[in-house]
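Heads up, there are several structures right after this.
Both of the next two complexes hold chain A, though its partner changes from chain B to chain C.
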Partner chain A sequence: MAAKSIISRPVYGTLSPQPGKHHLFVADAEGALAVAEMAERTPPGFFDGAEIVFIPGPDGKHAAALEALKPAQFHQAPSFASLQPRLRQTLANAHMGLRLYLSGTEGLIGQAMQAALEAGIDHTSIQTEHRGSLARRMQCVHCKGITENVTTQPATCAHCGLLLLVRDHYSRRIAAFQGVCINAEDRSEIPPTEEIFR
Partner chain B sequence: MSTGTTKLDVVVSDVVPVNDLVTRFHFRRRDGQLLPTFSGGAHVVVEMRDGERTRLNPYSLMGSPLDTREYTISVRRDDVGRGGSLFMHRNVRPGHEMVVSYPVNLFSLDLRAKKHLMLAGGIGITPFMAQTAQLAAEGGNFELHYTCRTASLGTYADLLRERYDRRVRLYHDDLDERIELDRLLSSQPLGTHLYVCGPGGMINWVRERAATLGWPSETVHFEHFAAPQPGLPFDVTLAVTGKTIRVDEQQSLLEAIEAAGVDPPYLCRGGVCGQCETNVISYDGKFIHNDHWLGEEDHRSGCKIMPCVSRFEGRSLVLER
Partner chain C sequence: MGITFRKETFRDDFTFRNSPEHIRRFPFPFHEDAYMYAVNIEPHVVGPKGSVLENLIDVDEHYVAEMQDRALVLAEDPLRCQSLPHMTLAGWDLLELLMEQQALGYPEHFTLTRDGDRWRWINRPLGIDDTFTFGDTSTLPYGPMEYITRQSQGDFCILDQRDGNLWMDAGMVTTQADWSLDFDIGMNFFEWHAPVPLAHEKGIFTRALKFLTNIQQGKPARRLNWTMTINPRLDTSPENYHKWGPDRTTVTPQNVGDKVHLRVELQSFWRLPRSNGIVFPIRCYLIKMDELVTQPKWARRLHRVIRDLPDELANYKGLTRYRPTLVEWLSKLDDGSPTSPGFGPD
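Here is the complex of A and B:
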């Protein structure tokens, strides 16, 4: 679980079935387990109106567990980028009564939520559950480039090369934590790097 | 003491009968200046000085928020109420000097919405008059479904049809026309927000169907000013100020507290905003809760009361006030 910090740092809950006509799940890697565990508490027929979109982790596991829930639609994608057009299309054609459930890594939850916000869903009405890696999606506040899967503190910007302090300050609009230059006064000062977002 | 609101000295600039039950009142500032800006859904509390008695009733502003030269309200005559609406209908004439509060909005549009779906019942149309004017001016996407008893009591129905054409759908009770609510709610695009204003039963029905059909509570907005109901007189002890007061048949508990010289906070005086929430220290009897603020749990517990609209029947009531 992610530790509590400043108010902008997202906090996640436990997926729970909501009243609704359609249910859209977006999960990656171990996020599948959150969906499977929630399924033990759903009324019969719940998944008849559900769509599950899944991005398997490096170990390729858990897809079978989701298919076993017999959702109306099951779709697998190799990455968030590859499923984004489909997700946007689904949301653009959706009606009120669609409920959204996001589970897995923070990067996945954040990016799927970003697409949902653009479609007019309030972030507080989205069910989320964090599972798996704490790796962060980080925006460099200097060059605005996004670096994916940041696990260290500090971290190097993949775009401009600055050494950045990864803050808990999070932007829902761009779905990323903010990275601020850690040695702006003296670039020769290199603090030790620790792997803390595992 | 009305929290965060200051009073405005106004003069009645026009009084226009709209139909058998509804009359419209126009207010301008006595000093000729523009009135404060407001947004669609806002209300003002109108002070009605009726001899010895002062009533304070909330009314939605129904004019366009783009025009702050005047405020307009529409008052439906209630022949069995506590007399506020009758006072407005019988006593208030052009030139009458009155005091109204600054506008307060407890029913504002969520401008992040992709679409605004509005459901009005009867005199509940008034906040939508202002909201539709606000949205139409900025090209907003809205749809208004308006239920009234008969065509002749469909206050502003013709005007709304004329202004917004097919964006307004009318339903007449006497012709047995009913909103197909489930179908309407299920066919709205994602990102729609729902607004409902009308009788309590209608609001409860719409909220219940919306929740069941999967509308998140953040997308469902409602406003129902509960008019304070008359009832049996009762005695109350105010523990903090050490006063014992009697609440008359036609008086609200809040009005009785104010008449005793105690100045509790208030904002809407209609059981909606929560400002006048008061702790109960002890009681022997039963509460008649009429507010929309406290939850069922609070109503059952007997620990809290909203003195603007709720009453009490029994032997004793002690309030932390």
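Here is the complex of A and C:
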């Protein structure tokens, strides 16, 4: 789990079944396990009105466990980017009573929540559970480019090349942590790079 | 007679200066010889003639130059001015407030005439004479918030009030002390203050939020905040930190007086009548050490404040690198004698 941090840093919980007419699950990699574990606590028929979309991790595991829940709809996507058009439409067409459950990496939870916010869903109504990698999505405050899967502190911006301090300050709207040049005052000061977001 | 507006710059050759009258009216932020966070909020009422509080929206000799600097920042980076879609009404509220206050305080420079929804706004220092329909965005060259804040000194954040919280949902932010509107827009009061050290633990933000959500129309409030800036640079944004950050390495015992500036924010808080939002103007005042120490009381007090500042605060304010040089320079102006109570010079 992520260590205690500042107030803007997201806090994740444990998925639990919510009262609702329709249940939409978005999970990646080990996030599938959070869904499967929650399923042990759901009333019979819960998944009859559920849709599960799943982005498998590099090992390709866990899809079978989700299919076994027999949701009304099950969809696998190779990446979040490829999932986005479908997810946007599902959210845009959603009615009152839709419940959203997000589980897996921070990047997946953050980006799915961003799509939900844009569709007018309040972030406090969304169930989240973090599983797997602590790699961060980072926005460079200087060039505004997003670098995916940042595991080191500091980290190099994939767009402008500045060496960035990865802050805990997080924007739900951008779905990213803030990166700020770590040696802006004296570029010759190069701190050691540590792998800390694993 | 009106204000004589200075021709000056806040970048490149840095020709910004304060006139002797403006040095005396500088809003020195320390009422005692030490500093720690406090919820130092008080009613924003008119203060003494000749002070920055003579009018509730202050216009000073730097007005024209500041507006030119803002235009340069926006041309480089339009993301410094953003308004979420539900904030347009609040933008009109702000336009009304700033036009009314500037016309009230400085009738020789600004005139507002209203005929129902048909308004005419004359801004003589910037050579503007526009007639528009209040509430109809198509009759202005920009959205209402951007239009009026291109003509008003200071940064402006418009906060939406809902769920017992305040949300940073619109703003014009080009003179900020190292925070990003583009990153923070849409955050609530606790979230956008998250990086501030020490203050959360002291319950500062819980109490401040309680106060702010209860602000009533016609009863604005204010507080002072401060930091320091090397060179009189208004745009100390995080976006450009890699460009202005190296300034902090240039302070030497010889140039402290010219390069190091105290940067004071007069923050005020106003309830907006139609949107029920809060507008939060952050008016920035700069003064170089050479100008500040012409007031001996300020020199003595600033020495003691900077010398005794907790390291965590000094670091957050970005002072760490040049603090020893500054304290050494100020110490020569501190004979150890007591300072009189209150903010003003002796």
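The rule is simple: the second predicted complex is superposed on the first by the 198 of 198 C-alpha atoms of A that agree within 3 Å, B and C clash if a C-alpha of one lies under 4 Å from a C-alpha of the other, contacts with A are read in each partner's own complex, and residues count from 1 in each chain.
Keep in mind that, in the parts below, a residue touches a chain if its C-beta (ideal position, glycine included) is under 8 Å from a C-beta of that chain, and two chains touch if they have at least 3 such contacts.
Everything quoted here is computed from the prediction, not taken from an experiment.
Student: For A:Ser125 in the superposed arrangement: first (chain B), second (chain C), both or neither?
Tutor: first
Student: Which partner does A:Ala94 contact after superposing on A: first (chain B), second (chain C), both, neither?
Tutor: Once the two structures are laid over each other on A, A:Ala94 reaches chain B alone.
Student: Taking the superposition on A as described, I'd like to know which of chain B and chain C A:Gly20 touches: first, second, both or neither.
Tutor: It touches chain B, and chain C stays clear.
Student: Between chain B (first) and chain C (second), which, if any, makes contact with A:Arg198: first, second, both or neither?
Tutor: Touch status of A:Arg198: no partner.
Student: Classify the contacts of A:Arg172 with the two partner chains as first (chain B alone), second (chain C alone), both, or neither.
Tutor: second
Student: Which bits of chain B are touching chain A when the two form their complex?
Tutor: Residue positions touching the partner: 112-114, 185-192, 211-219.
Student: In their complex, what parts of chain C are in touch with chain A?
Tutor: Going through chain C, the ones touching chain A are 79, 180, 182-187, 190-195, 200, 238-242, 245-246, 248-249, 321.
Student: Note which residues of chain A are touching chain B in the complex, please.
Tutor: 18-22, 91-92, 94-99, 119-122, 124-125
Student: Residues of chain A touching chain C in their complex?
Tutor: Listed in rising order, the residues are 6-9, 139, 141-142, 144, 162, 167-169, 171-174, 178, 180-181, 184-187.
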